[in-house]
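Below you'll find the structure I mean.
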Amino acid sequence: MRAGIINITGYAGSELARILHSHPEVEITSVTGRSAAGQKVKDVFPHLSSLDLAITPELEGSLDIVFSALPQVASAEASIPVLNQGIKLIDISADFRLKNAGEYKEWYGVPHPDPSYLEEAVYGLPELRSKEIKSARLIANPGCYPTSAILGLAPAISEGIIEPDIIIDSKSGISGAGRSLSMTTHFSEVNENTMAYGLGGHRHLPEITQELNFLSYEKTSITFVPHLVPMTRGILSACYGKLRPSGSWNGPDAGQRIRDLYEDFYAKSAFVDITAQPPQTKQTLGNNKCLIYPTVDTRTGRLVVISCIDNLVKGAAGQAVQNMNLMCQFPENTALDALAVYP
Amino acid sequence: MRAGIINITGYAGSELARILHSHPEVEITSVTGRSAAGQKVKDVFPHLSSLDLAITPELEGSLDIVFSALPQVASAEASIPVLNQGIKLIDISADFRLKNAGEYKEWYGVPHPDPSYLEEAVYGLPELRSKEIKSARLIANPGCYPTSAILGLAPAISEGIIEPDIIIDSKSGISGAGRSLSMTTHFSEVNENTMAYGLGGHRHLPEITQELNFLSYEKTSITFVPHLVPMTRGILSACYGKLRPSGSWNGPDAGQRIRDLYEDFYAKSAFVDITAQPPQTKQTLGNNKCLIYPTVDTRTGRLVVISCIDNLVKGAAGQAVQNMNLMCQFPENTALDALAVYP
Amino acid sequence: MRAGIINITGYAGSELARILHSHPEVEITSVTGRSAAGQKVKDVFPHLSSLDLAITPELEGSLDIVFSALPQVASAEASIPVLNQGIKLIDISADFRLKNAGEYKEWYGVPHPDPSYLEEAVYGLPELRSKEIKSARLIANPGCYPTSAILGLAPAISEGIIEPDIIIDSKSGISGAGRSLSMTTHFSEVNENTMAYGLGGHRHLPEITQELNFLSYEKTSITFVPHLVPMTRGILSACYGKLRPSGSWNGPDAGQRIRDLYEDFYAKSAFVDITAQPPQTKQTLGNNKCLIYPTVDTRTGRLVVISCIDNLVKGAAGQAVQNMNLMCQFPENTALDALAVYP
Amino acid sequence: MRAGIINITGYAGSELARILHSHPEVEITSVTGRSAAGQKVKDVFPHLSSLDLAITPELEGSLDIVFSALPQVASAEASIPVLNQGIKLIDISADFRLKNAGEYKEWYGVPHPDPSYLEEAVYGLPELRSKEIKSARLIANPGCYPTSAILGLAPAISEGIIEPDIIIDSKSGISGAGRSLSMTTHFSEVNENTMAYGLGGHRHLPEITQELNFLSYEKTSITFVPHLVPMTRGILSACYGKLRPSGSWNGPDAGQRIRDLYEDFYAKSAFVDITAQPPQTKQTLGNNKCLIYPTVDTRTGRLVVISCIDNLVKGAAGQAVQNMNLMCQFPENTALDALAVYP
């Protein structure tokens, strides 16, 4: 199968190339870049030296599937012509994630260029929507924070065991800020440093809210505070919700019952592990797992869920390949079963 | 003034020596260590080469003030004989922080060796208790997490503007785990890694609860989740509390009114800054500041406070020196006005 | 094929398990550990949760090949009984690397337990000895520093283009110091820190000298200075040698001619790349490549070679699997063609 | 005394402000910046909030001394008008370091705007030139790599104990690359990574060569290879030179004799310590020390000197203040005696 990558020169794009390198059914035949157009892939990314391709300004040749790894807004612009040709497309940006075009404009500052695709797009979280993904043509690949948060909360929200007022406190490695240059990606500024940001409202909030509301019978109020911590890869989200006071889930054995709930919920999900100990981001480095640890703070009657992923794999390129595998009827774990690189 | 340090060989102890080095009124005349007894300070810590002292198993000579930088339990054991001699003592461990001896036993596993000192001890958070500190003989120096959390929440709790059900999500550098060897201080294990821990209940929780309850007119329920992030120094706490729905603090201008409240509350506190932007741990590296940023999540009616310190300075040795300055009628900022080392 | 790992609980051992996980011809059927005996592999290493094995004190069951990942001295002790049973063995420690038993005693402090195995052992650097490896029963897997240095210098030494007085200045990540606890693996001590060590003579020196002398027609004098830099994985060695003044390699086109020499020398070596730009350790993270950049300092007539590997892969476990592939007539790159995890 | 800082917004400039903050004789009264002109210092650098000054495009008011912390070329352009007014100036850039205007053009690509100042400028390495510094009006503050290398080699070169063919292998933290944005300061690119660079010739080479040649009776040939390692601050240089074979310094007690030589050479230098163990960059973090460890590799008859500094302090701003102290007859250590921040 012939695959194209729009914007291989960002971290999601280069990670896609790394993962697809070991996919037996896929050949990358065309890749684009912006400033690097005209160079060879290996000149920009020596670790991809086995991919003997030139970076072009536009996709070239016939393609069976296209991944867009551009930032938002630019991604929609580049993706819509591909979609209009009838090619399957997986968009790693945020451009097709929100169902509501008004909300898109509110958070991204521009009107969506073709809201009909917002309707068509399937939010590509395979653990929750594998059936729709299998028949989709356009996948909105989830954001990194939303992947960790939604997977961490989905069983609790679906079952209605917590009150609809949730706090998500997330910690991300710096690669989540992309390969572009800025003070928040400058080594000397962010090394040995931890900071909160996006306190006025981070763009991943509406996406988390939308998806959790699909699972919930009532509207959920969410405070989401992302942080940058000095590591390259990894997201750890701590999710906090009050157990419903009258609920049958709120008792001395709540912790164990909730663990059982989580294990059942993800029993068929190869990439989600409910862990025996609080997980660490490093346990997912370079692989497609989401590690989830639900526990109850019995002093306060609060559910606390710790959820870890590699933001570039399960939070971006790995999940995109997982979606492609489903769309193309390949085994879901093809090219995705490498173990984490630890330590 | 002649000062002694019990256990200079840990990070709090060596940091004390670093800070006291620039104190014009204090001479360190006796230091103890455990495994390093018999060595020179400079052989263990080359950066303290200007301190020409041998490490002894016990304090020696006459002393005006003693700092204990031993871990809990061992600290009480070593401190009580000093106190019994009538010498002023600042304990950096947790051994005199809890007022309730039963609670001490519950969290530390052993009965307190002399609960009368629990009564006498003053919890040494100068921003809240400077008057008592000035006349104290025994100071329980606050923990690193509690310092960041209590300072971050004190104005809101005192004023009663949030509901008494709070979440504190803290991120600490690895030096908080001390100089002892363990898997959670092993570079290859914790570098490029973020983890939550203490989910079953961290020992700093009762201390935070005790002090916030002194400020509050009703009992406060607290979920406290500490994390380790891959940096040496620094704590950033994100504190979450629901604004009381009927309160006069819950309106369109709540954010600004709460900022004003915080600025008033700390107007006379030289080491607390209410910041215009979310603070970063690196902005406190090596100095005694606590940077606080209160903000309101208007979507959910929730107060979010970000609070940063250097865990070894304001969270340990710097605060101890601040307490000593107050106890000894030195200007509060003596030896403590170095700027943060940035970047 | 059934493989055993002696001491899976160190970094070389766990890395072996990670790599062999994707090897289609090998099943790990027995693993040992020291302090962790009795535990499940996944309890010690959550990232190896797919390896459902208990750690036993001794190897169990019948085995086709055994890897020893114990430290020196202990490794020989555990390996010799395995060898005596006629099982193929790859020793990742230093116990079979030196040909001279006297030298072994000098550097390791104890007499070698069975010098006949020193004679039999093949030094497992496949780029230089693939033929002997293919028929070997006992492989002495090269050290991490020696792998980077010998591969970096082999073409120049073999061709005799530099004087036999060489400096090797190596920089290693902290995982090279192993999983054991010590001050040089303590995060707060080594983070944000660079140090030289082993200035009195590092144990990898005799190994480098021995192997370079096999390639050279005259005895080579080597100064080797290792450093620790604050990263988990990776070794970068800078190798310095004076071009022979009268040599035909010392002229205006020496740089290009030497590049050609290096490219020819490694033309058939899938895991060695002669790079167009100075390589970076990160370009090998998690994979089995050795990246080499030879250049001439024309001001001084000196060859400078930069050589990079992942110390746990090409410098340990990956090279061990490469050796196994050769010994067992599997394609040399089986389980070893994953790309580096970048960034 | 009124001081101005040209370009406070880089790392050398902000570090100057941090250090001068504790200088009792100096008040910073004017600071310039480029892109940040018009902002307050504290808005750019929250850790400098005590410096209540606006950043202006040009220096303002009357000044007794000016520090230029601009990059090369721009620095000369801004400094010459100041010099022409008769104000003392310390240039932290490279613009007045080389005595030879032709060499300046060769390495910096443009002709020097006023070579008469090259003649007048004193190379501000106080350990070697304190007398000239005391009466200088224009100081060329040494580069970070040269400071570590020249101090590490000066005793050996002056005494003539090594052959005039030297290798300097230096490892620098990322702040040495400045506050500007580039791929080599991008966190995700350089974190967990070590790289060599400048292999074709780094701009600090002519400066090192010039200064060592002033000390030597014969011309010295130098190979200089800088590396970036993933930490913010610190330089460690390993310097290699062959002991002269016939020299009286080459014998069984050479190591000790050379240590004695180094100790004598720096006996009056408060900021140079000859250490008993190989020094670590962290032992200088935030302070003005240069730690030097000379040793002899007896196997090869080679002197190896390890030299450590904080690149922003002794390698830039701290040394500038040391120079100012000498120029202005303040005690040399004023504002410079803070201990290193360790860990």
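Order of writing sets the chain letters: A, B, C and D. Residues in each chain are counted from 1.
One rule holds in what follows: a contact is a pair of C-beta atoms (placed from the backbone, for glycine too) under 8 Å apart; a residue touches a chain by one contact, two chains touch by 3 or more.
Keep in mind that what you see is a predicted model, and the values were worked out from it rather than measured.
Between the contact lists of subunit A and subunit C, the overlap consists of B, D. The interface with the greater number of C-beta contacts, when B-D is set against B-C, is B-D. For the pair subunit B and subunit D, the distance between C-alpha centroids works out to 37 Å.
If you average the CA atoms of subunit B and of subunit C, the two centres end up 45 Å from each other. In subunit C, the residues that reach two or more other chains under the touch definition are 11, 173, 175, 179, 188-189, 191-192, 230-233, 279-280, 282, 285, 343.
Listed in rising order, the residues of subunit C touching subunit A in the complex are 11, 14, 18, 21-22, 43, 45-50, 175, 179, 191-192, 232-233, 273, 275-277, 279-280, 282-287, 291, 337-343. Of all residues in subunit D, only 165, 167, 169, 171, 173, 188-189, 191-197, 199-201, 221-223, 225, 227, 229-234, 236, 238, 240, 242, 278-282, 285, 293, 295, 297, 299-300, 302, 304, 306, 343 touch subunit C in the complex they form.
Residues of subunit A touching subunit D in their complex: 11, 173-175, 179, 181-183, 185-192, 230-232.
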